[in-house]
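Take a look at these structures.
Each of the next two complexes has chain A plus one more chain, namely chain B in the first and chain C in the second.
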Partner chain A sequence: MRKFFPVEELARDSRFNQVTMKDRMADPRSALVKDEPRQKSNRLVPSRPDASAAARGLMHGIFVGEIQALEGAGRTCHDFRTAGDSARRAQDDAHGEDSFADAVPFALKLDMARQAWDEARHVEISVKLSDWMGSEIGEFAENTVLFQAACSTDPILRLAGVNRALEGLAIDVFTTMKEFGDLAGDPYLEFCEDWMLADEVTHVKMGSDWLRRVTEHDPDRRKKALEFQSVVDKLFSYGGTRSDSQESPIGLARRFRELAGFTDDEVEDIAEVSLAALEERKASVARMQATAREFAAS
Partner chain B sequence: MTVTVTPQTFQFVHFDAALIQRVAESLTAALGLDRPVAIEVDETTPLARISVEIGDTVTIRAESGAFEDTRRPRHQSEDATAAALGRVLLRSRDRLLGGFGEAPADDDLSLAQVAAWETYCVGRLERIGLPVNRQRWKYNFRNRHGFSDVADLAFDRLWTSDGLTWGELDEISRAAAGS
Partner chain C sequence: MPCTGVRPHLGGIVADPYKPRAPFAPWDRRELPGLFDVEESARRIGNYKWAEMKLFEALGGWVATVPELDVKMRLGTHCYKHAWHAELWHKRLPELREMNPERLTQPANDAMVRFIEAMTEPEAPEQTIEKLVGVYRVFIPHFIAAYTFHKNNTSQITDAPTIRSLQFILQDEFDDWRDGEMLIQSLIETPEEVDRAAAHQTRLEKLMIEAGGIAGPGSIGGAGAGGAS
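Right, the complex of A and B next:
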């Protein structure tokens, strides 16, 4: 079976349309809040006039994110060899593959298998919730950035990118959606998000624990993994979609991140990176809009 | 009746002014609206708000997200264009035909009143053949009126109604929200 599957070849049927982060950032339009009398904040709350439409869009984003998280965890079970697996080693040698040989403890793979099981359940829950909210599968574009973070050839970088950055984002998103369901009085949304949130906290905790254990005697590798996580965290801030600012639809779930093993300093770093992403996006949109206006006037 | 669209060419999105015009002409004919319609698209934002001002001309101001294909960002969806324009054109027709004289100005409508009126409009659009997702609008209505059997019955009543007055519509909304 093939290892290190590229994002371009993820299996999807014709209902799905995939977009990249580059496509998304090339959009010169801005949803950032203007001086509007009815909308003081972009935060996803039921009092927003477009609340149900925005919630449906975010729910679909969760759905495709769960598919990609399932694919990522499944790949990690398969892509890396455990110590002492001589049959697999012979197979890899025959194919000339020797990257990060014997680098993954078997228990780490077991955790990834458990995570894949969780993610499959989340996909099913997300499909049912989307149906409940009146969305169809594939109704919104699928951003493939989540799986891209799961393509690293170093299992520890992959854990940092997927379990700490991606699943960390999931904690923020599920917290926002859970609060939305609670405030709106939607019994299914609040309940389902709460259960999925509990799993996500566990997934982040697994990533934090394995990162610490595997790199215990390899500070350089740990440093590299944390740097990779920081890059992914910035990407996952989606140009300001997630930050402490009220301009962002999704807030930073500090308490649940703490439960998942993030230190206070790490949470502060993510907060800073997210705000920087928001400011960069605003500046980028301003530049693109000025260029477009100049072009229209010429 | 004449329909005009501005801008005629788009810089930020891949929209077609002629398609917007054609959809609006078809809708005004189907709904029997007897005034010129001017459609102004704000392509600088992906939000989907749409507002209408009724004078000698019905002026519609739409943010680009209202006409967008959510599967293909920055591209236009004919179905979304028809659904967005249909809702505001029906609301305009309600105000022009009478029975809605007591309705507050659009900016003064509560979120529950907006959801109730949208339900009433989209139900009628479905009956003239526009493709709409009923569950989507039910979810929108529930978010404003509560997740209850009473709210669902109110939704069904609004969805299947024709010829309501503002007083009747508002009463259905109030009763559902207070249940």
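Right, the complex of A and C next:
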């Protein structure tokens, strides 16, 4: 089995359709793209006219995201040599691979294996919740950008991108869905989201702790990892889907992020990046509308 | 309370708490001697830890390569269980005087390394049967055998902490073996697939025979069972 599995080869059965992030966001059922007159809030709440479809779409997004998170955690168990594993080092040497650059602590791998189990449960939960919400596997497309963040060849960049940026987003998503369940009078949904939220806080904390421990004496590597996290954070703020603004369907779960080891400054940075992404998206839509008006008038 | 020879008032209590009792209850038949000395137990546990590590790494790596959703989820779940087993053995090694657990975290021999390479070779999405056969029809049954031999032959008193871990781990191994075997049976639908599964199992079993088992020759007794009694 190869090290570093390419994203385009992720194995799926025939029900799945994989698309790019841009295609996914252009899906007319997507939360931010609507034909109706503009509303004051895009936040995912039961009173939204498209709440049912939007919630099903988000749940499907959670489902495929959990599959990729499971795959990413699993690959981290496999792709990197455990520090002190001399037999694996000999194998790597025999295959002409750099055997020192990618060694990770045994305990880090144990955390990733634990995360794989947690993500497997989340897949199970989200399949059942999708069914509960009247959706089915493949009803919405899957974009594989989450796994792409799990493809870094530096384990610390991978942890920063996956555990801090993506699992951080999961905290925001589950908080929003939990509140949606509460407002909709759906204790089944609220109950499940709360359990998943607890796991995600743990995963983000794992990422925060390992980032600090492994880069304790390597400030350059830490800086690089935090920059990579910032890139992933921005990527996942695509179109302002997640921000403090009511115009975003998903809010920023500040309290849970704090529990997961984010500093106040880090949360503020993510808030700024998310708002900037929202403004970019709005400017882009305005440009397209102006072009369309010009075209119609000509 | 030390025995002073003075009996406090017993009142209506019939049983005398000061009556001497045997140190081992009549139903406690544990034996003091065992087949393994400290060094032999540690050596085997180092082999177990290495093998469990290779197994959880393989299961984790395969998750992305299998298209079957139910298999994907099971592999993720089992990945953690084997990581936990490796952790239990990692923690046991310093208790057996090995303060540098990595020193004994080794494959039993070169044949075991070749077995792992052959077991982890299948990667294509069409090879789920081979992946599962390697783990659930060869590797895990050999874990069950080696662990059972260790549990039944080590000193039931001096090596009780190892036995406790073995009991937890064996429960997992049996559960996972059952899961895996049922997945294999549900995937095999044609005589050709039966042949594929059997051919892969045969290839891996031959390598395992060469290795002598999870802990090398003597993994389940016979020559090389080793250690002082």
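Assume the second predicted complex is superposed on the first by the 263 of 298 C-alpha atoms of A that agree within 3 Å, B and C clash if a C-alpha of one lies under 4 Å from a C-alpha of the other, contacts with A are read in each partner's own complex, and residues count from 1 in each chain.
What we mean here is this: a contact is a pair of C-beta atoms (placed from the backbone, for glycine too) under 8 Å apart; a residue touches a chain by one contact, two chains touch by 3 or more.
Source: prediction; values computed, not measured.
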{"item": "Partner chain(s) touched by A:289 [first = chain B, second = chain C, both, neither]", "value": "first"}
{"item": "First, second, both or neither for A:224, with chain B first and chain C second", "value": "neither"}
{"item": "Touched partner set for A:13, first chain B, second chain C, both or neither", "value": "second"}
{"item": "Touched partner set for A:140, first chain B, second chain C, both or neither", "value": "first"}
{"item": "Chain B/chain C common contact set on chain A", "value": "none"}
{"item": "Complex contact set, residues of chain A against chain B", "value": "17, 19, 23-24, 27-31, 34, 37-38, 46-47, 49-53, 55-57, 131-136, 138-141, 184-187, 289, 292-293, 295-296"}
{"item": "List of chain A residues in touch with chain C within their complex", "value": "1-2, 5, 9-13, 67, 70-71, 73-79, 82-87, 91, 106, 109-110, 112-114, 116-117, 119-121, 123-124, 127, 137, 147"}
{"item": "Of all residues in chain C, those that touch chain A in their complex", "value": "50, 53, 56-69, 72-77, 79-84, 86-87, 90, 102, 105-107, 113, 117, 120-123, 125"}
{"item": "Touching residues on chain B, where the partner in the complex is chain A", "value": "7, 11-13, 43-49, 64, 70-74, 107, 111, 114, 133-140, 142-143, 146-147"}
